[in-house]
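So that we are looking at the same thing, I have put the structure below in structure tokens.
Labels run A, B, C and D following the written order; every chain starts at residue 1.
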Amino acid sequence: MSEAPLIGPSETDASITATVSHLALRKHAGIGWFAGVVFTFSLVLLLFYGIAYLFIRGVGIWGVNIPVAWGFAITNFVWWIGIGHAGTLISAILLLLHQKWRNSINRFAEAMTIFAVMCAGMMPLLHLGRPWMFYYIFPYPDTMNMWPQFRSPLVWDFFAVSTYLTVSIIFWYIGMIPDLATLRDRAPKGISKYVYGVMAFGWRGDAEHWERYEKTYLVLAGLATPLVVSVHSVVSFDFAVAQLPGWHSTIFPPYFVAGAIFSGFAMVLTIAIPLRAVFGLQALVTERHLENCAKLMLTTGLIVDYGYLNEFFLAWYGNNLYEKFHEFATATGAYWFAFWIVILCNVGVTQLLWFKPMRIKPLPLFIISILVNVGMWTERFVIVVTSLSKDWLPSSWGMFFPTVWDWVIFIGSLGLFTFLYFVFLRLFPIVPMAETRKLVHGESE
Amino acid sequence: MERYRRGELYGIAAEFETVEDLRAAAIRLFDARYRKVHFYTPYPVKGLAGMFRGMNDWVRYLLVSPLIFIGGFVGAATGIAMQEYANLIDFPINIGGRPLNSWPAFIPITFELTILFASFGGVLAFLVLNRLPQFYHPIFNARDFERATQDRYFLCIEVEDPKFDWQKTRALLEATKAVLVEEVPW
Amino acid sequence: MCNAQIDVAQLFSRPGSININILLAIFLIGGPVLTLLLLWVVYNSPWRTLQGKPIPQPVPFSHEHHVAGLGIDCRYCHTSVETSSFAGIPPVHTCMSCHSQVWRNATVLAPVRESYISGIPLHWTRVTDLPQFVFFNHSAHVNHGVGCSTCHGRIDRMQMTSKAVYMQMRWCTNCHGDPARFLRPPDQVMNMAWIPPPNQHAAGQKLIGDYHIDTTHLMDCVTCHR
Amino acid sequence: MSSMKRYDFDSIRERLRGTQGEELWRSLDELGDTEEFREWLMHEFPAGADVWLEGLSRRGFLKFAAASMALAGLTGCANQPFEPIVPYIDQPEGRPSGEPSWFATALPRRGFGTGVLVKSFEGRPVKIEGNPDHPASLGATDAIIQADLLGLYDPDRSQVVRKGTSIGTWDDFSREFVPVMERQRLAGGGGVRLLTQTVTSPTLRAQIESLLRIFPGARWHRYEPVNRDNVYAGTRLLFGRPLEPRYHFDRADVVVGLDSNFMTDDPGAVRYAREFSDRRRVDDPETSSMNRFYSIHSNLTVTGSMADHALPRKPSLIAVYARALAQHIAGVGGGIELARDDAHWIDVAARDLMAHRGRALIIAGEGQPPPVHALAHAMTAALGGIGSTVTYSRPVTDPESNVDSIRELAHDLDGGGVEVLVILGGNPVYDAPADLEFARRLAKVPMSVHWSLDEDETASKCRWHVPASHPLESWSDLRAWDGTTSIVQPLIAPLYDTRSAHELIGTITGSPMHGHDIIKGFWRTFGPVRALLPPSPKAGGAPLAPNPAAEGAFASWWRDTLARGVVAGSTEPDVAVTSDPAAIARLLGEPWPAIDESAIDVAFEPDPSILDGRYANNGWLQEVPKPITKLSWNNAALIGPDLAQRMNLANEQVLEIAFRGRTIEAPAWIVPGHADRAVTLHLGFGRKAPAQTAEGVGFDAYPIRFSDSMTFTSGADVRATERRRDLVSVQHHNTLAGRDHVRAATLDQYRREPDFVREPEKEPKHDETMYPPYVYPRYAWGMSIDLNSCIGCNACVMACVAENNVPIVGREQVERGREMHWLRIDRYWAGPLENPSTFHQPMLCMHCEDAPCEVVCPVGATVHSSEGLNEMIYNRCIGTRYCSNNCPYKVRRFNFLRYSTRGDEVMELMYNPDVTVRMRGVMEKCSYCVQRIERARIKADNAERPIADGEIVTACQQACPAQAIVFGNANDPQSKVKKLKDQKRDYGVLTELNTRPRTTYLAKLRNPNPELEKG
């Protein structure tokens, strides 16, 4: 087959093992890594500061108001969850589809998922008026004889996101056990060796274990696949179930899922491209990986664009006064700039991916992926805010303006994400060695 | 030396440089009617385990999926039961004029719980059936065994194997392309 | 690469007779369960709820003495219990109407006399205290067959008054959900010693009708939260 | 965001051309057309974004709410702290604790009494309601009376005696003051001056008269910044003596207003509003009739917004139109040039009036000069209105001019020789006519004493400031504009060491007495049932001969009077007046001032909320959006679209208004329907008194208000600047954007097609649902609001705030869109820009049967009751705000920060104990006053009877002067609310969403004159 190879020709078991485990086991991670940790950790501190002030004063420090009662927090939530989708998609769906190219990138994609979902899960909690009462959402035998209100999409959210986080972690960890064993066996005597030893559960690469390992992994993949689709569908219900013009739309679930994968792969590239450059992983994360991600972005991007088109079409075709007005206000109203950023990034920029050079050249691809991330965040913003700012009664229309605290939380969450990522890069096998060894030997599932 | 006294020995291990050599050796052992043979490879190698799989190995192999299914079933049951009980029996209440049994609204949670419990089942199956975590295992006594998770391929014949005779067995292994053959003590 | 040859042998020592995995499982599962259990016990323990714990008062007033001993009717002091949301704490005047004759010089009653003379009211401490978002109306209960002792316990046996029940919403809904189990005939409401008759449930059902109790409204939130 | 939006009004008019009558502005169709038009219609939140970019400043709302403790809610799971419980020493008779008790008293509105009933818990007044037996109230109140409750508990109230900046005591004051007075008495009191506001209290008047007997040389001056000088001067001009007109709108078929705002400004406003809207209730299209109201006004007021035909003209021009009208009625010659349309308008109005002899009424506004008033009365008389639509009685206060009175005082102050000046209420330093330079002159008085509720501008300029008792904590008596007298009884002992006016006069005259003794003493002596024989006029303080025979009678009379709140038979008798037909001609013959058509008039009006500024410290009144402009925490220079177009002005653009060398700066606010070439300034803002609610809110218009032009002037010079000052408005969109939330028709249309409100294609049939029908067997609470009677005054909003412990949030929070009012009044415009029709729509929780909010709440904090109430349970709420997002009516309110003043021991006294005080982070909304429902239920249950119709009255319903709101059990076919809901005009808002609202509206009707309705 004429396709570019998935792995450098000169790679062997030993070389893969050496390259990857070196990243985790080396004495000094280099000044770049250190600087990164310091910078991102300072952002984490900023986040904590923001959260502390938020809890002391209340959500009023944000720009939210009546009618726009949801602002950045929910925007971030939807966006982060979306980011979280690529990881599971790569590791689960592509596994089921026997996409071998996934093997070398799924590990850090899954890590990305977990951290993104953490950032996401934080948001709904912070945006509560009384965050210390969050446990009212849990079904537990309380003193009030009350239950959560199971018809509310927010409760569905709670179940979906927590399930998603749990399953992602399980999936990630099980996949990592053999590699942790490798690290255990390569680590110099000392505390780290024992830590890896415990984490590896005493894995010894027994052929029997391998068989059951692969089987479990496959079934888990089978479970994660519908899950990943369900999660963002449920998130989209937050809007689709409400009856606001611009929210109440049956196309939301597929359109959100596509958007999620779209932004997810954008984020994968945003991370992978610098990663392979900095850690010299070009042999493991090859141009073909980049191109495949790019192709997926293009596909999902087109689905998203269809979603936009569809909204306007239905508003016109359904000839509903409120829908029509909503679409009009979205495009030309107070938030026109946001809307056109979305169009520019998610519709315009995406089309560049039709051209091969754009798909394989790291730099342009990197820029495109950044733009798509921006575009998708803005899209969430448009969905959340513009619909709320002008709904049914003109008398109650209002505007949302973010305050500094909105930005602190948003930027802080970015900081948290990258910080966790830096830690992950330092301590874990960022490329699944066992899986790549399979590639060396041309083994197929 | 007393280290070799019978009963103190777990088995004899052999180390190979390539997976092909391992396969070749495996076939010879199979022909020699050895049954309690274990293989240790840095990545999943097809077919090896199947050759020497005993009865209870088969059971443990096939049990994976049923356990996961049970997990999923329990999850689904929990989801439905919880929501129906809350809305119909424990605290029936008129919410937005919707029916008490708004079953369509109960689907998402039921689904999520199904997945959650199923994957718990999966983890359980994986750990229990593999007897993991198992931090101490005699095979780790084999010299050079740390490379089994990197770039070398090991096999080990247990002393429990009916055909085991440490003279003959050792000779047999040395006859293969093994780079290193040694006794593995308990 | 370089250190691939070093001899690890066993990283972890040979296990003893006990299986650490089992221990691990017990710890991971049992630990949280125990903690929660402990918290629950503490949360509901009298140490926190003060249930059955006498509350210090400026005057060691004994319900046992006045109710059981002297047989004074509840309404003599708690005058508005049948007409108002608030049962009413007796004005010092009420105390003095007797204690100007009896126990005139009792030292325990000094605060009462002082208050009566100085006009500075006594500061009792609430025994049964509901949060500000709960609205309870005595008249609505007393006039519809809910007895004093149902909520306040055997006041007539309390040397020092104390909380008889720890009132959580679960406890309230217990009756609001199915009042038949607790309703009494009108003449029994003030009876401290009342115990439900064997046919209580049937009787209760009948009483619901006699009192014209709208049971559907009893479980509405606004019945207590406004 | 700070760039100013200017509008291309030509294009806007172009859009609106053709749209007329009830056709509502269709923004959607026009949106495509011009940028400016969209800006105008969609009005994208001009109020600056700058607020949003900086963090929270403490000023603004922290004044009302201390910073909240971190995670205050955690205390929820800890143990409750011990709570003391304090019994009475001696329980008052027949007052069980925990139950409210009601007391009848009266509150002053610009000095005139309004009878009220005050609800009190354990001696704390918590709610003010109208007294049905009182003619000026008829059971309702206006917003100001409702908000006066806060005036009592206001933390900014003056609480201590002050000498300059140092705190003193009443003793210090007497010690210094009494000797001075003693010296004055010996000297004949020539150096004593007394300055009061409008005085209607018989006792106070008697006290002052006796004071003047003791100090023969003393002078008594009166000054009320917004006064009735023109009214009395007008009647004097026509009838030869000052009279108080009493209008009877219930008898008027055709009403013409000449810049009159009788629905909120007159002393009888509350009654007038009721009588007016009673004439506009249309229960049955066939039989019911409506009155017709023509209004010529400069500023669009509540009254003007109810007009069937409005003619916005600048104030100085209104005299011309009055004369034109008069000419028609008197049938005398012309000489007055009017534009063709206007001439036609006047002609039609005149014929309409003449067609309704004896049932016609012409009413002139307080702002118009005396001749216009005289003309108005003369016309009404000529149309046989006297005795029918208007009667006259003796004024209950001194009718001579306030302006002259204070001018004299100012003159005397200049001349020196004034040793003692006692300012009994009022704030002349702030609100006296600018040309009198009162502050400068006041400084010349060695002994100046200021008695007031607030430590205001005057307080700081006087030698002594003494704190006044609030009417709710003092004994007094007041007379309504028609003479009806009420005894004012205290609801609570003074919160601080304050004294009432009566007690202060007592101190001055050297005979300090308790207010109760003064008032009771007066009525024992001069009341209808006398327990004392009056003193002989000669002897000043001669002892009174007791009349033991009458003691018993007096005692019972006193008790009954206090209970009823009205002194029987105290109403002033009608005065028979006649006005000869020639009067009109004579008046027209008078020399009328020439009008400069091109000049820009500047009019001074009392603010709809804070009046002349005396309520400026009242946070409730500051925050409540003004009826027409919807401005909050602001006043503005109101201008019409034409002027804005000619001067190319934008909203919030600062104007420099110069008059006689004095200049003020005011941000512009464009009001459709405001007269051209006129700027309306609301008084009472721009206060200087430090550390008070009102400090720095809005701008002060008094500096250009001169004694010869108290209500408007044509000489001012209005210049536009390029600066911009943020104004806070709670409604940013003035049109219905082509939607039908307000449905309206003319009376004729209604008669032709009674079903005009129905929209069968949109409204789902009742069985058109997937949900099971929930049955509400016993009670189904519902509300009906008559858009036809609603005049858009804020009485209901204020009543709701007082009843439900709704917090104040402050200017900054309102600007962020976080006002907490459970009930708001939406105001929409339709028709031509320069003269649109106005629609007021009270908007509150609809208590939808299929409530969208409930379904999305994750914790079940808002659910449905078995009687169809949409319950909001604060203690369950965790604040996801999802319910608000999903509420199509956006009537839910959220505590974004800690707004409640819980913890402030004075403000806590004000809380209604029946309603939970909401904490930070929970949602809240209208509950249909569920606390009142439950009280009524328990009362009924204890009596073993069902709740009767009308037994439950919600706060808004109770306060509404127009009786536009009706609440009750929609299950009961006999109930008032059910009957209204059965009317053909009844419709629900957004029913196409199948929300099934329990609150429905009766469509608005207008009764235009076919001859004027174009097209």
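Throughout what follows, a contact is a pair of C-beta atoms (placed from the backbone, for glycine too) under 8 Å apart; a residue touches a chain by one contact, two chains touch by 3 or more.
Everything numeric in this text was worked out from a predicted model, so none of it was measured.
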Original post:
Starting at subunit A, how many touch steps does it take at minimum to reach subunit C?
Top reply: 1
**OP:** Would you mind telling me which chain pair, A-B or B-C, is linked by more contacting C-beta pairs?
**Re:** A-B
Subject >> Whole-Å gap separating subunit A and subunit B, where each centre is the average of the chain's CA atoms >> reply: 31
**OP:** Provide the C-alpha centroid distance between subunit A and subunit D, rounded to the nearest whole angstrom.
**Re:** 56
Subject >> subunit C-subunit D separation of Cα centroids, rounded to whole Å >> reply: 48
**OP:** Could you tell me which residues belong to subunit D and also touch two or more other chains?
**Re:** 852, 855, 860, 863, 865-866
**OP:** Can you tell me which residues of subunit B touch two or more of the remaining chains?
**Re:** 93, 95-96, 98, 133-136, 140, 145-147, 150
**OP:** Indicate the residues of subunit C shared as contacts by at least two other chains.
**Re:** 4, 8, 11-12, 219
Original post:
Drawing the touching chains as a network, do you get a line, a ring, a star, a complete graph or other?
Top reply: complete
Original post:
How about subunit C: which of its residues touch subunit D in the complex?
Top reply: 48-50, 55, 79-80, 83-86, 88-93, 115-116, 119, 121-126, 129, 131-133, 135, 137, 139-140, 143-144, 212, 214, 216-217, 219-223, 225-226
Original post:
Where on subunit D is subunit A touching in the complex?
Top reply: 27-28, 31, 38, 42, 44-45, 49, 52-56, 67-68, 70-71, 73-74, 76, 731-739, 741, 813, 816-818, 824, 826-828, 841, 843, 852, 855-860, 876-882, 884-886, 888-890, 892-898, 919-923, 989-990, 993
Subject >> Contact set on subunit A toward subunit D in their complex >> reply: 55-61, 63-70, 124, 127-134, 136-137, 144, 146-149, 151-155, 158, 238, 241-244, 321, 324-325, 328-329, 332-334, 388, 391-399, 401-405
Original post:
Quick one: in the complex, what on subunit B touches subunit C?
Top reply: 93, 133-136, 140-141, 143-147, 150
Subject >> subunit A residues within the subunit C interface of the complex >> reply: 14, 18, 142-146, 184-186, 188-189, 193-194, 197, 202
